[in-house]
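Common to both upcoming complexes is chain A, partnered first by chain B, then by chain C.
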Partner chain A sequence: MADRITLKRIIKLLAISAKLDLTWLLRDAKLALLAIGGDIVNNVAIASGVFLIAARFGGIGDMSADEVLFMLAYSTMITGIFALFGSGNNIHISRIIGRGQLEHLFIQPLPLFTQLVTSGFAPFTGGGNLIVGICLMVIAGKRLDLHITPWWILSLITYLLTTLVTIIARSYFAASAAFYAPVAAEEISSVAIDETWFLSTFPLGGMPQAIQIPLLTILPEGLMAWYPSLCLLGKSPLHLTAYYPMLYALLIALAARAVFRKGLRYYVTRGSNRYVPYGFRR
Partner chain B sequence: MSPGAPTDMSPTDSAVKLNGVTKIFTQWQRDNTGKSLLRNLLKPEKRVITALDQVSFEIRKGEFVAYAGPNGAGKSTTMKLLSGMLIPTSGSISVLGMSPQKQRCALMRSLGVLFGNRTELWWDHPVIQSFEWKKVVWDIPDALYRKNLAMVTELLDLGDLLNTFAREMSLGQRMRADLALLLLHSPALILLDEPTLGLDVMAKRQMIRFLKQLNAQAGTTIVVTSHDMDDLEEMAQRILLLADGKIAFDGSFAALRAELGCTRKAIVDFHNGARKEISYQDTNILLRELSRLEGIANVSFTQMSLEEGLANLFVKWRNAPEKLNSYVKADQHVR
Partner chain C sequence: MKKYLVTAQLSALEKTNGGIVYLLPNILIKVCTLVPLLYLWRVVMSAGAHVGMTLEQMLSYTYLSALLSNMLVVETAASGWLSEGVILQLYGRPLSVIGQLVAQTVGGWAPYLLLFSLPLALLAPLLGVHLVPASPWFFVSLLLCIMLGFAIDALFACLSIRLRNMNWLINRLRLAVATVFSGTVIPIKLLPYGMAEVMKYQPFASLGGAPLSVFIGTADLTEIISIQVLWNLILWPTALLIWNRSQERMVSYGG
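Now for the complex of A and B:
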């Protein structure tokens, strides 16, 4: 029973999460496939709506219809990766904190970080959107005649990870409120995460800076797809650096880490006076 | 966890050691007046609750200890402190030679924790799936997993339950499955908080029998809390009685009975209508006493239950808290 968390151990933990996901899916495959299908149709519909507007008017803001499609592909891939790794309330962490369920994590012989990274892995129920996103990305890339190099793919992966870090950090930052107000803040992660989706599929190019700047700082919806997409297309917006999303992700991750650790300390000092049994084990 | 992380104690045969542990909580207070509402907006009124007050005790490896006390006495708080879910306000805690706070991951490989009102089972999966999940998360070697799986399946009669979905099991079946899950990594110490809560007589008997067997045969140290004193007396060899956050009694059940005056009584009815009550601890003494009496028509036996005795004692303590200390460590020699 090794103490060190090795890559092999992480893979084993991801594999057991994947197996649980598969067996859950196969328990009632008909209903599960309907839910997955519905989810994919929903995401395609969201992307289609914006794309059709862009196609009808020859683009939105400073982006052509194909660039808008590229941005929508990026957004769908983010949704897909989120669903792939965040299906166990591990990103909607305020639910676990607010329901007093962190204690289930404390009794496992794994660091909290390892548990949170591996416990929500759901490739079978959460992978659909990622596949749709990749398909859209390939179509958009062909229409834009992008010159795909290994460096560009690496940049894409880096931007995707950066966006994901921003979403997770924002969720954990907000979720820290649940340490102090477990009932009121139980769903605060959902609010923080859902907010990031609302405007993520709309290009901010045509908007005044008074709207753009808050959406790249206070409420970083512009960093969910618009800004990184333009950077990947070689058109960094607002004369800002292409590294701005990384800098933002780093700062919000550090802030979230500090606030979350403080909340965790409060939790193990004061304890939770609330325990809700549902929604912890699928 | 780094191998060189500090521990709170020296290596001994001690399974659990608490040294001057105090745990203080605060509770929000507010009456139902508008004035209080406004005052609380500016300065919330809080009351300090001392859940554990300078608690010290030691449990040796292989012991089966009952941890009892009235509601709010601090039983669950102690369980959470021992399993690293809470940190003490002051004092030191050592579990299996490790600090639950500083060496949580290492400790959890040797510790099993079960709260009666919670489950570690995966709700929408068969029990065997939860077992397999545990094997991976605890990194249990194949041979040990197979051995323990066979053992718990047989002793807890899980044969038919292994392929049943957790959500479709009765409470008793779920508790058996949870207990089995708890044992798969061969924990050296088991903490059970109200494990018989809500169980029917049959399920309770089965669980008690199993725990006694586990303690006797595998030498597993068990600490169990319950409100049911009969259950505790049947299971454990030693009782730690907690009242108002302090250890009020530490000793054997026999000593506790004697302390509480819960002695057995023989009521002797004579042919002439007279009646005599004889209190006794030892049956031989009773028989000797009875052999001296003449004209016995009938003998009946009564015994004040531990629960009744404790209820009287708790009322006494509530009315005169200073008397509480007179019971502390009344029977240390039985350890």
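Now for the complex of A and C:
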């Protein structure tokens, strides 16, 4: 019988994930620090690519170099929060589905949703990028002379959560293919999340609308950093409302929920041809 | 040689085992990244800053970089195969392990060249991109770049052995290198704060950035080819030496 899920229970589950994360870190601190450092270097490198262009040319389109830095700080914070809560393939969900590992979750006395929410929490190894992102945001904020108020901070948190919802929903939407084609679609979440990340660091200002609009709708990379950053700087792009990212996140989350549930129903009736009794995949 | 060609052929076929349709997401993402990147450069270059490159050269640089991305920063399966245990299979065959990795990697390029690079090369004129090399030395530079890429990849594989198969970390570092130091995303020449002068001598600059700058005609040919030859002469013996020593430390499990 499944446990009763309360806030206290969720905090306890997060604590278990944090403890496992700390155990991994302490198992071999040298390797763990290398892994954390490598992750930070990689994310800063991806973000700095566009900043170096902005610095060289004194800005990109209608954004100054400091505004681009602000946008990249936002992007780095997103990768930081992602690593903080998504270190257990719980956001790269196609891997769990494709490898037949959903079975492992089914036998736990916890609802699937609760397990997925809490299983990727990695505060000790996943928090580095968030710290770097916050530092970059403070630097950019000072250079831009931003007037920081509690309302602004609340807006920042809301936009960060909205962006995360969009990322997770898109990953789950795409990952639903793994219910039907587990081998071929095992890495489709990576394609949806990681392969597009460089594109999400592009400032879209100055580009034709034929490029901007698809990147705010079909492939929402413009919503990963560019659009929310401009809203936080008080310059909503394309004369659209500052609430557009929230609306988009809601719609894609609903679509993902419907598609994922349908896939899950298919999975529980057919099972996975990759699952073997000792838990490894074919 | 025939055995290596068959290995390459098998590798090419393996990429399409699940059907061509499953290659499409990757190809689509590449196209969706390339087109905005072309417009990004149009926006940036239209600001009028003097950077020693014309817009046409910049577009050719970016376009070709996407078309030949697999060759410009070579990535073999070695790091991943170490952690998955697949690499042990290579030792059971009467072929050089590094030779097999090279053949497998080159074979794996074929589907992408056919399904992505070739169609986009044909579409280039429609996007206003000029794809004719400024010098035939481009092909020499590309060959040196690929050779150096394999040497650097072998060194990354050795690092993976040293770090007990942390191929995830290796991939992250490799991606960072490709993004900033290789010049495939931002030409080394465009780096700000005086970084360009220093960065052009580091080994990663002899990867993608070198043939691309030869292709568009902004490179000092003698200098760039000499640097590429020099890094090949330094890194290949180093890679082979470290590879031979690292084999004793190789630990693989899984299957």
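Just so we're on the same page, the second predicted complex is superposed on the first by the 270 of 282 C-alpha atoms of A that agree within 3 Å, B and C clash if a C-alpha of one lies under 4 Å from a C-alpha of the other, contacts with A are read in each partner's own complex, and residues count from 1 in each chain.
Note that contacts are C-beta pairs under 8 Å (C-beta built on N, C-alpha and C of every residue); 3 or more make two chains touch, one makes a residue touch a chain.
Since this is a predicted model, take the numbers as computed values, not measurements.
> Report the partner of chain A that touches more of its residues: chain B or chain C.
The partner that reaches more residues of chain A in the superposed model: C.
> In the overlay, answer first, second, both or neither for which of chain B and chain C A:Ala140 touches.
Neither partner.
> So, A:Leu20: does it touch chain B (first), chain C (second), both, or neither?
Touch status of A:Leu20: first partner only.
> Based on the superposed arrangement, let me know which partner A:Val268 touches: chain B (first), chain C (second), both, or neither?
first
> Determine, under the contact definition given at the top, whether A:Phe198 touches first (chain B), second (chain C), both, or neither.
In the superposed model, A:Phe198 contacts chain C only, not chain B.
> Could you say whether A:Leu223 touches chain B, chain C, both of them, or neither, answering first, second, both or neither?
Touch status of A:Leu223: no partner.
> May I ask you to decide whether A:Ala122 touches chain B, chain C, both, or neither, giving the answer as first, second, both or neither?
A:Ala122 sits against neither chain B nor chain C.
> For A:Phe106, is the partner it touches chain B (first), chain C (second), both, or none of the two (neither)?
A:Phe106 sits against chain B, while chain C stays out of touch.
> Residues of chain A touching chain C in their complex?
Against chain C, the touching part of chain A is residues 31, 34-35, 38-39, 41-42, 44-46, 48-49, 52-53, 55-61, 181, 183-185, 188, 191, 195-196, 198-199, 202-208, 211, 215, 219.
> Give the list of chain A residues in touch with chain B in this complex.
Touch list, chain A to chain B: 1-3, 9, 12-13, 15-16, 19-20, 23-24, 27, 103-104, 106-111, 268-271, 275, 277, 281-282.
> In the complex of these two chains, what residues of chain C are touching chain A?
So the residues of chain C touching chain A come out as 18-19, 22, 25-26, 29, 32-33, 35-37, 39-40, 43-44, 46-47, 49, 51, 163-164, 166, 168-169, 172-173, 175-177, 179-180, 185-186, 190-193, 195.
> Which stretch or stretches of chain B touch chain A in the complex?
Of all residues in chain B, those touching chain A are 1, 3, 25-26, 77, 80, 83-87, 101, 104-109, 111, 113, 117-125, 129-130, 132-133, 136-141, 166, 185.
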